[in-house]
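The chains carry the letters A, B, C and D, assigned in the order they are written, with residues numbered from 1 in each.
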Amino acid sequence: MRDIRQLVTECFTAQGLMHTLGTRLVSVDPGEVHIALTPSPALTQQNGFVHAGALTTILDSACGYAAMTVAPDGYNVLTVEFKVNLLRPALADEFLAIGKVVKAGRTLTVCTAEVIGTRDGETKTIALMQATIANVALQA
Amino acid sequence: MRDIRQLVTECFTAQGLMHTLGTRLVSVDPGEVHIALTPSPALTQQNGFVHAGALTTILDSACGYAAMTVAPDGYNVLTVEFKVNLLRPALADEFLAIGKVVKAGRTLTVCTAEVIGTRDGETKTIALMQATIANVALQA
Amino acid sequence: MRDIRQLVTECFTAQGLMHTLGTRLVSVDPGEVHIALTPSPALTQQNGFVHAGALTTILDSACGYAAMTVAPDGYNVLTVEFKVNLLRPALADEFLAIGKVVKAGRTLTVCTAEVIGTRDGETKTIALMQATIANVALQA
Amino acid sequence: MRDIRQLVTECFTAQGLMHTLGTRLVSVDPGEVHIALTPSPALTQQNGFVHAGALTTILDSACGYAAMTVAPDGYNVLTVEFKVNLLRPALADEFLAIGKVVKAGRTLTVCTAEVIGTRDGETKTIALMQATIANVALQA
């Protein structure tokens, strides 16, 4: 496990957008990765809710890193495509994206993810993703 | 047309994430909106390309604003869902998201969008979106 | 529960395509509907596997009927959109589509569904759907 | 072009579901394939409109065959995933699915497709697809 966690942490740290949005890598397990986001005025759409683009960023990264934990040695991952449903206004004290591998293949991995919002001790599902991630051979 | 442009511009200006990512509202026409993004280290994923989350942000906003230009008076718009295909590495000098209304309904509008990347005078399609936007009555 | 089951059964029976493909309504519970499909040469693609169109038909119907079980009185349902991932070749003795409501709204309901294939006593997930269903007022 | 047309025609003829639904291969050009469907009671949902599953079948096949026309020699195609928006009730005298390649890659091809319905001489877009197709090496 140590290697997977280190691999994902290094990759996460290298992503400029993760810093810009203030996201945090919460946990890395085989086939499952959690990423947190704290709302701020820098992330809003016109109603003061968190923008779908910011939610998608943590959903996509949670899926991509979950796929990375099961990718063959010597492979990096690249998102092929995803679909997002926004279930409720993104209004919470804290958001957590949970990405999980549904099917790991040799070249393609399918993941699902959800964003859970916590507010006043209550949790609600804010958004759902279904995504396809490709394994890409690292160049020697 | 003046009102639609003003409406979209005010809404765009009110979105914190648009400022954070450095996006620019380029044009507003009935059923079509263009939004530009200049790459920077603040927007990258681990390979130095622009993160899918940043591309999705301008795709989603271009679709949402295109839907807003055809929404009935007294209605705001809210993204229901979208699907994004990433066609190529997001490597360009400049990105332009072009959102277009395909079908405007009373309660739901369907849009498509693409991100065009320009580099050394050449343009390429980087990403494709197909999205559903809801019309939501403004509260009096 | 009796009414929901009757409502869904009547609607299912009225769908010509359900008969043409030989699908069977297996169970109707609040927020969850199961539909079965037995493979036959009438349903194949070129490799002899069941065609994605046939799998999508039972996925879409399972989602639509699951949404129908939680729709307000006097409302019918209509699929707005869906996204399907095909995880494995559709090779099994029997397929079961399981549709579940994730979030029931006043006008829109979000569902997920999967097709489970059973072969030689083993089960595998063959396909995944994420769908948006609209509640539509019945005309008096 | 003769070979591509023959390849697609043979594959189409080998698909049981195409016969069951009564679809017709209308045209095969590099990167673009057209498939027609005539409505009948065998294809309906509960309102008498053509079922989304039947529309998806011709959308998916139009995309898959369009991808096949640009696949490398010795490769077959397999649908990875698709997303469909249903824009209007599927009520027409005739439906035509038009599938087009947007980006052909070595291992993955991205296509879009639409279903056009013709009724009383008027045409309307009924459904939209955005799809990912994989090139799969034929076994020797």
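By our rule, a contact is a pair of C-beta atoms (placed from the backbone, for glycine too) under 8 Å apart; a residue touches a chain by one contact, two chains touch by 3 or more.
Because the structure is a prediction, the values reported are computed rather than measured.
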Interface with more contacting C-beta pairs, comparing B-C to B-D: B-D
Counterpart interface for A-B, drawn from C-D, A-C or A-D and sharing over half of its contact pairs: C-D
Inter-centroid spacing, subunit D versus subunit B (mean Cα positions, whole Å): 28
Separation of mean Cα positions, subunit C and subunit B [Å, integer]: 32
Where subunit C touches two or more other chains at once, by residue number: 80-81, 83, 85, 132
Partner subunit D, residues of subunit C touching it in the complex: 11, 14-17, 19-21, 40-46, 51-54, 56-58, 60-61, 76, 78-86
For the subunit B and subunit D complex, residues of the former touching the latter: 83, 85, 87-88, 102-103, 110, 112, 125, 128, 130, 132
Sites on subunit A touched by subunit D in the complex: 80-81, 83, 107-108, 132, 134
